[in-house]
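What follows is chain A paired twice: with chain B in the first complex and chain C in the second.
What follows is the complex of A and B.
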């Protein structure tokens, strides 16, 4: 019991502490590729700290939804992070939810964020909300299906079971094609869900190109800090999913301190590596026009569907 | 005991039918008498439902009639009891709500007639799910349809209401005709209309006749349920009725069709059917779910939007039941029970949250006198209670954890994913595609309710209606509160709901799965206990409830005391006006553009230019419509054909009495010759 509580606490702390670092890595990579020196990778921590201490400006036309959303968003994203194996393959809360739950918990945050975007009554917020709705509706089915494709080989949609069995190579018949298709689909989903180029540009403040940033435009101070931290958590969650579902090697398969420490170190390496990849992609591609984004997301959806279909076809 | 409460239920509705008609021209007395009677009846019904679910053997009662083939037989088995519970549960809340809501109609419409019809509606729905005789079933089914027709045309002074009513009347009779076909198929084999005889046919129906019964039941009940493409009447009729009746029609009446399907497929036919039946049901469900939510997204009339969501949710229910039927054909009874469990769980969930949402829409209509979402806005400040209740309903229908909609949708996902246990590779592949469509439906529902809640309740009021809105009377709030509480309970207490539904499904598929589905001492749901997946909504609920204060605490620890300043929204230097806000149309526009192949939108833009310069517009007019595909390509040709045939037949109707008498004579002659 105490051991489980410690693991849960460790997961929460690791996720909370590492998430701004990942954002910092991406920014640093982008800066280097633009021949700038860039801020230190720890800059997001300073930003969050500063934002937490700043005065909050709240629009007079908002309601309690606007004030409650940062907390709901933060809580739902953190709850989702607790369902995903980070350094230990079998997380204590795995019985509380599978991959569908993770997707729907993130959707809970998205739902409230969309409402908050509409709450202030400005067209910016509404535009962001409307775009977020279309992006979310195209990515989430792809996310469920791509992880289900991997879940089929592991015989479970529980993330812990998938990661555990894959790490031990237990009963796993590796079919590279479905796995690769699912990986590609989940990668596209990651870019879209976390508001990265080519779907959205996290660095922009030009209304025509914004999705996520437009939605949270009215937020300031500690509310903005919570929203930003939750986005960073979500990014980390996706990178963790990518690394631990498709390459869980190094993760601790039993709750033993030394192996968990090793698992933590390997995980840090993997998510930092993925962060570098995302930084490179952001530097190489331009943002797509909004109605081109849907084509890309359609590709992700079809890929994930094909991954499931191929799993069965290869078995026949 | 059970008889006593059943009597209370029926007497309560009976009093509700007759008493208000006596208090002539005293609307308030009529209101209290009608809805007091309905409340008594519905409370009795809830008790009957609970007792019937837990009863060891079905309760049977029958009265003979003077008509041949008809007997007033009722039977309360767990399946009936479940549906009595669903009807009565929503009935309780709606009756309380109606106490406040029908004040809107004082002086404009007869409250006595409205109240009597309302009670007759609840009465007939209760009898539909209790009837144990085909003939009796059809009689009460017809009463239910006619009574609901009269309720739909309550506001008959409006032309569109009359059109909606007429459309509904036609469609419901087409449906009834097909149900009669189903029962006739059984009748010619059984020689009696009693359900007991249908159940125990001396020799099973031939394959071909079984298929006729299947298709006829699907069309007949499907028309009432509103499956695509038989759904077209639903978005007209449900919004046209008074809102508390809409809540019953959308939340409950369409469920009687689900009851009918389960009764025919699993009870009469004993769950022995080929795999393609389940496949057809699953496909119909998936298509209805997806198209229902897509059309809902384009609606800006709040009640029509909710009506389209009924099409969606009936689709989700049918996906669960269809998956169950497929498993049943392959002899996987445990999975069949899981599919049915998912379907029935969603049935009660949908009844509760759709009832709640329609009551919310009714409250908005009551407060603002408009159903157009574009005229709402900022109502969360004017109507804080209604807003909270509507939000609970919206979160539930969008299936966000830990709501009840999430539990049942998750169970449906699981029954679709567990398809890998089916030996047929084609089905193995098709079921995950169904799951993909379900996932898509779920997220689009989220977008739709973000729109519905966000545009209606948030930001600034968009019209004087919204600016002057006031919170609704206490009775209406209590009605909504009841359903909101039930909604939350159904979400966090699956360990109570699952065994209850298991009592329903066990006799139907012959396998009990409650102990296999409940894991971790009832805290978690784990289908089949095989460790394929599990969820625990109570734990998720607690987790969310704990982590939000953690976030607050962290903010205080890091940031210190909250300093807050109120200021107007940033509007690029100009003062924002409600006209600059994002509209519901604008919100849904990207979705319309992305799925333009389905919507086929037409846009009309007329620009009137200034005389001095053709670069400046004096006035612009923008119109956009989506194409009503089913009406245009399916129904209009049928209607045209019927009209053409009627035109031809007009020749024999010259209007002369002698001619008609001679027709009768000739017909008689031919018949006499034929039977000789």
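What follows is the complex of A and C.
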């Protein structure tokens, strides 16, 4: 009982502490590729610390939604990250929900963020919200289907079971084509959901292009800190899903301190590696026009659909 | 099969052919002509790797030669020719499509499923090295056909044609462990000549119509 509590606590602390680091790594890689020295990878921590101590300015035209959203967003994202195996394949909270819960906890946060963007009544917020709604509605099916494709081979939609069985190569007939397609689909979804370059540019405040930044434009002080931290946490959650669903090897399969420490180290390595990949992609590609985003997300959806269909065809 | 377990060997070949299929979808979703050519080159790299894997696993040495020829002709020579053609054109991307990209993707998805259903009885009968490669090869051929139909610019249609050829080569390698070397050489020569001719043809199209839209060819009638 106490062990489980400790594992849950450790997972929450690891997720919360590592998430700004991942954002820092991506920024550092981008800076290096642009021949800049760039801020230290720990800059996001300083930013968060500074924001938490700043005064909050709230527009008089806003309702309770605006003040509640940062807390809802942060809490739902943190809850979702407790359901995803990070360093131990069988999460103590796995009884509380499976992959569908994770997806809709994230969707709850997105929903409130969209409302908050509309709430302040500024033109930018409305624009950002409508764009986010398009992207979110297109990524959701692709995300669910791509995880289902892996879930089908593992025989469960529970993330812990999927990761555990894949890590032990137990009862899994791995079929490279569907897995590869699901991986590609989930990677595109990751880029879109976390507001990365082909879909959104996290470094811009140009009104024509921004999506996420436009929604959070009205936030300041500790609210902004919570929103930023939650989006970093979401990014980390997606990278964890990518690495632990498709290549969980190295994760601890039993709750032993030494193996969990090893699992933590391997996870850090995998997540940082993926962060470097994302940084390189952000430097290589230009942002897509908004109306071309549907093409990219269409690719993700078709790939994930094929991954699921393959399972049935190949088993006939 | 050597030192590698047969199931792992067949999974490795499957993985490579799945990469070929992935690049197919990227080609269908891509509007920029030069990026299409790059993706075709990447697909040919995966094809060469698949062929080399099959050669290694079966011990049939002439497939190595085919893989080498794939690298020389389809990864280096033909993309170079197509890039030269694109440099001369005044278009860099497909703007008007016969079928828009999301529906193209849906159709290609349906084509893949069709290919898998068609090949299912054959796969269960035969003693193939891999489970999926034949189906994937057929899917690639169908997607290549579709690209030729759905796109208007001559360059993308050439890429569609070359994708069909890649699919056929994958099918031959996966299902029959490659064709006899002399046939293989003939096919490579054909593809090279076809690439050259279509390159020249595209130049002529550009000179005559100031565009590489092949639907303009219907204006040739008296």
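Assume the second predicted complex is superposed on the first by the 316 of 316 C-alpha atoms of A that agree within 3 Å, B and C clash if a C-alpha of one lies under 4 Å from a C-alpha of the other, contacts with A are read in each partner's own complex, and residues count from 1 in each chain.
The rule is simple: a residue touches a chain if its C-beta (ideal position, glycine included) is under 8 Å from a C-beta of that chain, and two chains touch if they have at least 3 such contacts.
Predicted model, so just to flag it, every value in this text is computed and none were measured.
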Touched partner set for A:305, first chain B, second chain C, both or neither: both
Which of chain B and chain C A:52 touches, first, second, both or neither: first
Which of chain B and chain C A:72 touches, first, second, both or neither: first
Contacts of A:273 with chain B and chain C, given as first, second, both or neither: neither
In the superposition, chain B vs chain C on chain A residues touched: B
Touching partner for A:134 - first (chain B), second (chain C), both, neither: first
Which of chain B and chain C A:296 touches, first, second, both or neither: second
Contacts on chain A seen with chain B and repeated with chain C across the two complexes: 294, 301, 305, 309, 313, 316
Residues of chain A defined as touching chain B within the complex: 49, 52-65, 70-72, 74-76, 78-79, 82, 93-101, 103-105, 107-108, 110-111, 114-115, 117-127, 129-131, 133-134, 136-138, 140-141, 144-145, 148, 151-152, 155-158, 161, 217-218, 221-222, 225-226, 290-291, 294, 301, 304-305, 308-309, 312-313, 315-316
Chain A contact footprint on chain C (complex, rising order): 11-12, 14-15, 17-19, 21-22, 25-26, 29, 101-102, 105-106, 108-109, 112-113, 116-117, 120, 131-132, 136
Contact footprint of chain A on chain B as seen in their complex: 378, 380-381, 387, 395, 398-401, 406, 410, 413-414, 417, 420, 425, 428-429, 432-433, 435-436, 439-440, 442-444, 446-447, 449-451, 453-455, 457-460, 519-520, 523-524, 526, 531-536, 539-540, 543-544, 547-548, 550-552, 555, 558-560, 562-571, 576, 578, 580-582, 586-591, 593-594
Chain A residues within the chain C interface of the complex: 174-177, 180-181, 184, 294-296, 298-299, 301-303, 305-306, 309-310, 313-314, 316
